[in-house]
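What follows are several structures.
Each of the next two complexes has subunit A plus one more chain, namely subunit B in the first and subunit C in the second.
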Partner chain A sequence: MAQVEFKGVKKSYGNVDVIHGVDLTIGDGEFVVIVGPSGCGKSTLLRMVAGLEPITGGEIWIDGKVVNKLEPKDRDIAMVFQNYALYPHMTVRQNMSYGLKIRKMSEADISARVAKAAEILELAHLLDRTPRQLSGGQRQRVAMGRAIVREPKVFLFDEPLSNLDAKLRVDMRLEMQKLHQELKVTSLYVTHDQIEAMTLSDRMLVMNSGIIEQVGTPKEVYERPASLFVANFIGTPAMNQIWGVRAGQSLKTDQGDMFHVGEFPSTIDNGGRVALGVRPEHLQLVPEAQARFSIAIQMIEWVGADAYAYGQFANYRVICRLDNATGARVGDRLPLSFDPMRVHWFDADTGKRI
Partner chain B sequence: MEKRVRFDSKLLPYLLIAPQIAITLVFFFWPAGQALWQSMQVQDAFGERTTFVWFDNFITLFNDDAYLESFKVTAIFSTAVSVLGLSLSLFLAVKADKVIKGTSIYRTILIAPYAVAPAIVGVLWTFLMSPSLGLVTHWLSLVGVHWDHILDSKQALGLIIVAAVWKQISYNFIFFLAGLQSIPKSLIEASSIDGASPMRRFWDIIFPLLSPTTFFLFVVNMVYAFFDTFAIVDASTKGGPGRATEILVYKVYNEGFKGLDLGGSAAQSVVLMLIVIGLTVVQFRYVERKVQY
Partner chain C sequence: MIENRPFSTFLAHLVLCIGVVIVALPLYVTFVASTLSAEQVLQSPISLIPGDQLLNNYKTVLFSGAGNQSAQVGRMMVNSLIMALVIAVGKIVISMLSAFAIVYFRFPGRTLAFWLIFITLMLPVEVRILPTYQVISDLKLLDSYFGLTVPLIASATATFLFRQFFLTMPDELVEAAKIDGAGPLRFFKDVLFPLSKTNIAALFVILFIYGWNQYLWPLLITTQESLYTVVIGIKRMISGGDAATEWNLVMATAMLALLPPVLVVIFMQKWFVKGLVDSEK
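Then we have the complex of A and B:
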């Protein structure tokens, strides 16, 4: 077990910078998830920790040692790949013991470790099969097993669940959580799936085009998104955004519609341009007289326990969570309000939280 | 998934494959039948009388020391061509796979020998290694090797092996390169995290994954060495000195067309035909056993 530190880590291909300086400390035994859209540099960052991509600036420390110049095998890490990367010509047992064999561990120790990992992952009955005789979920387990037997200082996961179907993904997610609680090994996990990020991580790191937008616990990130990007990226459906300027106690949208807000943060000057964000679940259905604004329902999405009404205010799409019992229909007018404490304010120019 | 086309007319499908059938009949079954027929006949030197002798030609053949010697030469030759050709081209493919800049130039250069006709290859190497004016002979003399394949039978065998390997490397190279590129990169990365050195990575991961390709190429190279090297031999050593480089296919030609022993030569080509049928069966049977990933 170990601490992983990033000190001004940068990556560029020729003149193109893909990671613009990452500073972060991952504590011993912590599970950190890097989440972001495809192409944001999250996999590259992980591969730099693994030693599969050279680091072009800054330093990465694992367990108090700079690993920039170390080969992957000398970094004491284990990695689970998106396509599992199992050796197709080896049995499950050989796959799991290959790394140990190379490290010249004794036969007895190897089989003890493999047996232990197989028990944890319920693979014992599959040890003599080859990967092609296994289902997707089983292959995933073997890939995890190969990482576990090594007993490394750090686990690296590169979108390990994205090749599984939806149901299996939920099961494996729960198992990963259980496994982490059991083993308590420092883990770095890359995904584009925000649910995985929210459920698995002790802390999550939201990345966008090579920049860290926010680092925090899932709760912090959800409740206090540091930027418009994070607000948009985390949460389904996405947060509603209304752009406009402050006019006294009201917000005047770019299209000229006005509605009463009440309290503004003191840092927003009268006439200052801002973006107001409010999550769909924080919009309340109120009597017409108390409404701040209203929308006409264009579409309703039923997702089991909840329903989401889609409408438009000024030029902005507004999504509102409805109680299933509301009985609202397409075409109805919804008078809406929100608690001023539950809205988020973002600087219109920088996109940063105010 | 299998795609089946249904024809309304019964005649049309037969009509469509008729050209292919015609070609096979004229260029394979007819000559093969002729060879079978002739292999059981004996002719006098002037072709005036033909006698049907059943399997006498074959019996004579396998009691002939020269024929058995030719078998031995062919075995050495084809094994050497296959093993040398495969290892050299695998080495080149592994190296070419690592090149990032100017890949197409390297590949084109490596593939070029395949476009050279076998007879030209024979002539080319005869010149390069000619005892009196050869360039390679000169280099060899610098390191103290005296090269004269006109007199030395081992060196003559060496010459046709080198020429045959040189021509076949391109073909092997293309297949090995394609095989290497179809190995997922993450497997190599996983093995480097597992701690395998580049050498071990090659022998533990890459080589086993290439085994279907290697096996396929081995069979193809055997067939090539057995049957397609006639022109190389004819253009360089002509089977000599003595019979040191007289491989089976060359012997068929020598005895049939030069010695005019049509029956014996036909019997030899029937033996060769059986060998190629055997190799083809092996290829169809086992090449399909592919490693899946």
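Then we have the complex of A and C:
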């Protein structure tokens, strides 16, 4: 177990910078999830920790040691890959013990560790099969087993659940959580799936084109997104956004529509351009007279417990969560309001939270 | 697909049977000729029923030599076998190692090296045979197993095949091995080699037959009878001019020369097909 530190870590390929300086400390036993859209540099960051990509600038520390120049095998890490990367010709047992064998561990120790890991992951009855005889979920477990037997200081996961079907992914997610509680090993987990990020992480790190947009607990990130990008990326459906300028106590949208907001943060001057964000679940259906604005329903998505109504206000798409019992239909007008405490303000130019 | 058209089934079989006869008949005639006595074989038309000289003929060629030469076919078979095996194994080892280097290592001139190897694909043995002969003769390697085999070992085709195969290996496999602590040679031995087994088997069959059938090169490089390969031997048995050719013995030798490639194909057929068809990943 160990702490992982990033000190001004940078990565560029030739003239192209892909990671623009990351500073972060991951505590001992912490589970940190890096989430972001494809191509944001999240996997690159992970691979730099693993030693599979050279570090262009800055330092990475693992357990109080700079590892920039160390080979992967000397960093005391274990990695789980998206496509599992099991050795196809070896049995599950051989797959799991290969790394230990190279490290010249005694046979007895190896089989003890493999047995223990197999028990944790319920793989004991599969030890003599080859990967191709296993299902996707089982292969995933073997890949985890291969990491566990090493008893490394840090676990690195590169989108480990992306190749599984939806149901299995949920099961494995729960299992990963259980596993982490049991082993308490510092873990770095890369995914593009926000649900995985929210459910698994102690802290999550939202990345966008090589920059960390926000670091925080899932609750912090969801409730106080640091930028428009985070607000958009985390949460399904995405947060509603309305751009406009402050006109007294109202917001005047770019198209000229006005609605009453009430209190503005003191840093927004009259006439200042801002983006207002409000999550679909924070839009309330109110009587016509109290409505701040209204939308005509263009489409309704039923997702079991809830329904989402899609409509338009000024030029902006507005999504509103409805109770299933509402009985609203396409074409209906929805008078909407929100609690001023529940809205987010972003600087229209920088996208930063106000 | 379900089909019930008796006539086309019959026709298809008929065509196949004719094909088999066309391919098999010369082989059958060879076999029959190798069982006849020297007089019978010269009769016209040649008998299509096997004679009674089978054991005699084969014993003669294997142990006492035939025609206007004293070399035994047994000896020639051994020479051919050595040549085919050394070429097949040598080609596989060299090309696998060079493909490994080209695919997995970044070194200056890597692309150049690959293209140089690739370009040699355009130059078959016959084109470079004279310069190669010059080199071997300057090195005083004429009439040696070394001279017989080594110049034929370098193989662009096999290197290219292995390169393509290695390129289909997922990168993560290499990375997983790196994290497991396997160095390059360890990775080659524990991962790449076992995964290449079927490819190696398929290549071995092809290269063994290639080596076994070499004619021009052994003809140039060998002058001593003790180094003759069986393909050369057959040629030497057919005497031009006045001397009579013992066709029954020639045919017996031909049958013997046929045997090893056939055996290799039969025994390795399963692997051969597997190596050509599926990829074990």
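Convention: the second predicted complex is superposed on the first by the 354 of 354 C-alpha atoms of A that agree within 3 Å, B and C clash if a C-alpha of one lies under 4 Å from a C-alpha of the other, contacts with A are read in each partner's own complex, and residues count from 1 in each chain.
Methods note: a contact is a pair of C-beta atoms (placed from the backbone, for glycine too) under 8 Å apart; a residue touches a chain by one contact, two chains touch by 3 or more.
Source: prediction; values computed, not measured.
Taken together through their common subunit A, the two structures put subunit B and subunit C in a clash. Contacts of A:Leu52 after superposition: both subunit B and subunit C are touched. When the two structures are aligned on the shared chain, A:Glu71 is found in touch with subunit B and with subunit C.
In the superposition on chain A, A:Ile354 makes contact with neither subunit B nor subunit C. In the superposed pair of complexes, A:Pro88 makes contact with subunit B and with subunit C alike. Judged by the touch definition given at the top, the superposed model places A:Ala115 against neither subunit B nor subunit C. When the two complexes are overlaid on their common chain A, residue A:Ala238 makes contact with neither subunit B nor subunit C. Overlap of the subunit B and subunit C interfaces on subunit A comprises residues 50-52, 71-73, 77-79, 81-83, 85, 87-89, 98-99, 102-103, 146. Subunit C makes touch with subunit A in their complex at residues 170, 172-173, 175-182, 186, 190-191, 194-195, 280-281. Here subunit B touches subunit A in the complex through residues 184, 186-187, 189-196, 200, 204-205, 208-209, 211, 291-293, going by the rule given at the top. Those residues of subunit A that touch subunit C in the shared complex are 50-52, 71-73, 77-79, 81-89, 98-99, 102-103, 146. Subunit A contributes residues 50-52, 71-73, 77-79, 81-83, 85, 87-89, 98-99, 102-103, 131-132, 146, 150 to its touches with subunit B in the complex.
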